[in-house]
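Structures are listed in the sections that come next.
The two complexes that follow have chain A in common; it is paired with chain B in the first and with chain C in the second.
What follows is the complex of A and B.
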């Protein structure tokens, strides 16, 4: 009796599990394969027939790209890493600072052309980055910004600020206006009311906006590959192409480098994760 | 000294004018309640006094200062919001002390004054909790504590009790009254609830559509409503209002109701009427009771036999619904006995407490 009443029949439950398994397989396997490849000797990776189960694991691929193996010339991974870090962190911090203020303005103030401006920001997100690469290249070369960190930071700001505005606008909207008004009556200036009451409440929103902005800059390849040339500004994803030659690709080295790219992004996400908990604003205001 | 004075205060949003030149004087330490239906401009008026809305015209003074262009923080006011607006990321203690901290008070001074306020409001056990872990009544108290801790010139309350259930609302109403007796300060209080207005106010300001309809003590507005709107708004159950025409019968004008019943008009009102004038006759349920069950021993009354349609027993009184002048009217029976629907009773209509309004202008003819 109870069995016929249950919503799921056993075969349905198994179908759902199978579906989830397939989806996870598609999502996880490529990433796992990259990580695995980073720790396997080249010979095993290239073997035919394919060796599915790793027979031996090695750190040689990592040592190799840092030039620590006698047989192999190293790559300027450290410069790439520093470039990536400087460019991503700078563009994220500036994008959050500016985007947060923009988002606040959109959420709290009424001004002429507000809706149009907001729509404009959104539409700017619909243009694929690569479509901008040629005009950007011409412009940047005239301005002498090719192969500079500053040039790339500017590009990422242009990408990240509209998105940050859009995201933080939503978060500020969720914070009741009453709180800022109460703070102003309690003696705050408008700025103090923002900084001491609304900013702390929007922190989780700002954290997620920061993650998005950072990952966008950290992972970006298409524009960076056009606008950088040397170790002066090349970022990690662009550095990946150092492993491709005319006829060969160093898969293991490339995978090792990819792992190095993934690690900071993972670490950052874990750190910020606890700040992403929403619902901080509930309780102070009822109704 | 902190009187609040509004002179011809106007608020416009674009072309729409929502507050039309309000004048109001609030004396030092007076408790004034702004009351009216939603959209009457009472909250907007309060927010203009607070400085949260700019004023479009007129002058607002707090004490001797014109505060028109001062930001909220420079007005030395405090405000309790309908939503309480407690800072969700701060403990009760930090919520209470926030204003003092912003003002740059010393920590031991903040602690002393916060503890004082907590003592008054009985918040001691909750000082380290976050607002989300408090009940509605406790949050309400924290909001009031935050207001009193700063020793402001003026307290502003914006519908502070409307988020509470009926029982708690009654309790908090008493607490607010106690608080005002203890912490003597000028209070301006906004509500749509006429019971709150009647029970709390030294003076009531009744507003409608951005105009002040009447200003007066609770007994003023209850006993001498200036017009039909005030008469209908104040009092529960509401005042009965019947359309009538003045008919002259040898120098003793009467009000002739729709069903032909003639009600003699009190002499001082009769003098201000003319024959054929359309009027609205108003009487409170208290003035319309079965014989022997009325509130006032009326010197002049009219006895009418009426059939009761519905009886609502409330314990100490019973509300009786019957018909007069072609309309449903309510009477109040004190020391009630059981009344069956369909029963016919002798009602006495208290003629001394009759209200008469000019039907065209709506103004009371009593003044």
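What follows is the complex of A and C.
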């Protein structure tokens, strides 16, 4: 900040650089170490004294968790992956559709109970997943929804809708009302005006809202761990726990699975980086 | 019937699906858990769902040492974590803001921990802090600093330290990124004016930069207290409340009582305590945010 007036001394500049370097190291090394472990043979990981520089890299850990190695009994990771994908994508698409309708209503209409409803949606997000899992477990087992994809999709809808409403409300507010009014004067119905004018303008915002929703479902553990049982609906984060027995942990297998969980998250977060900051701040500061 | 066909009904119709989902998946279950918190409901004996016991679950909770330990530890955990994350996040944002070249890359690296789901953060640090194969012990060994492995996740104090470390690693970025955005938006004129008037760097920071950043701090605090319970995932995989309950938080205790001991009534009573805890923290910071925003508005 003092950039403009005071001239930094060289040692100060180097101190700042060193500080930033150390922090970045702390942020990157743990994750990178897990990724590296995923490609190393088990013997090397367990070796004593520790082997710091990998002598050989292998894809066997990945083949192993998919059961493609003759020596190792595989876990149903393939079906966990498919479950995760189906559940996350479905709940995202539906949550965006429903949330967009809600966000549009909050941004464009005045109606009784508006503030209360909005507060209600936001309050529903303060309920911790673990606490919500208890009654959902009771209800879902009576309704036969335990261990079904549908049951989990429904839950993730409720998790994602409030946040989607909050984001899309902001996006639609940024689009001037005049635009859709002009379209309506030119003969569009309100419905057509929405699809031809407002929706295209809000599209990039909606895409980032969709990515947030996807990531929330993809990463969720607390609810999924109680509401799923078998390969019929178990998701990747829940499957990760399969690798820990009472006293032994399969570090390389777990790391390989961790890499599979992180890849989609990495790619998607990278895409929404810019919106991430904007999405977090604008609702808050500008009010 | 005519109301539902009139234009006045449009916003309600648009909101109907969202309301229906929240009702079915959040509100009704919350009512169920409210009811069960007043019963002796045990998963193994379904008929106990209608055995009303009044406030007995709550009374037992308040008289239970295990609960108070977990509750106190949770409050302490949230307080330490949020404050550390705030201070470290502010420090990191200030550091990065002074680097002119490559700032975009640094910001991308800062986002790295945010890509990890809490369960992955937990696994990662379970591995890093493992006494036999962990990165930390291996490094200390080879540097000749220790002869015996340090049991990071087995010793009570160290396990709590490891969990706080993991939590801070996971969430400091949220603060750093938001505060960096705040620093970018900082108006230059007041600072230059203050410098011309002879303020030193600390005075500028204390009286101009910090007040300007406060709304950003409170946004971050509000966002964080909303999802503070995601620390459950992390603790679940790292220690699951062990050793001997030394890292037990209210969330891990709840699942142990509910699913392992099947005492759903008791667990739901605890669930309500945790919900109230989350709401109190979120509401507190939200109020602060509104206050800080009003202050900023008045200053302009």
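Assume the second predicted complex is superposed on the first by the 258 of 287 C-alpha atoms of A that agree within 3 Å, B and C clash if a C-alpha of one lies under 4 Å from a C-alpha of the other, contacts with A are read in each partner's own complex, and residues count from 1 in each chain.
Everything that follows uses one rule, which is that contacts are C-beta pairs under 8 Å (C-beta built on N, C-alpha and C of every residue); 3 or more make two chains touch, one makes a residue touch a chain.
Note that the coordinates shown come from a computational prediction; the quantities given were computed from them, not determined experimentally.
More chain A residues lie in contact with C than with the other chain of the pair chain B and chain C.
By the touch criterion defined above, A:143 reaches neither chain B nor chain C.
By the touch criterion defined above, A:134 lies against chain C but remains apart from chain B after alignment on the C-alpha atoms of chain A.
After overlaying the two complexes on the shared chain, residue contacts for A:232 are found with neither chain B nor chain C. Within the superposed three-chain model, A:93 lies out of touch with both chain B and chain C [touch as defined at top]. Look at A:123: by the touch rule set out above, it reaches chain C but stays clear of chain B.
Of the two partner chains, neither chain B nor chain C is touched by A:59.
Overlap of the chain B and chain C interfaces on chain A comprises residues 280-281, 284-285, 287. The touching residues of chain A, counted against chain C in their complex, run 1-6, 8, 16-17, 19-20, 23-24, 26-31, 33-34, 37, 45-46, 49-50, 52, 98-99, 101-102, 104-106, 108-109, 111, 114, 117, 120-121, 123-139, 154-155, 157-158, 161-162, 165, 218-222, 225-226, 237, 240-241, 244, 249, 251, 254-255, 258, 261-262, 265-266, 269-270, 273, 276-277, 280-281, 284-285, 287. Of all residues in chain C, those touching chain A in their complex are 8, 10-12, 14-15, 17-19, 21-22, 24-30, 32-33, 36, 41, 49, 92, 95-100, 106-120, 123-128, 130, 132-133, 135, 138, 141-142, 169, 173, 177-178, 181-183, 186, 188, 191-192, 195, 201, 204-205, 209, 215-216, 219, 222-223, 226, 229-230, 232-233, 236-237, 251, 254-255, 258-259, 264, 267-268, 271-272, 274-275, 278-279, 282, 289, 293. The residues of chain A lying in touch with chain B in their complex are 176, 178-179, 181-190, 192, 196-197, 200-201, 280-287. Listing the residues of chain B that touch chain A in their complex gives 50-52, 71-73, 77-79, 81-89, 98-99, 102-103, 130-134, 136, 139, 146, 150, 163.
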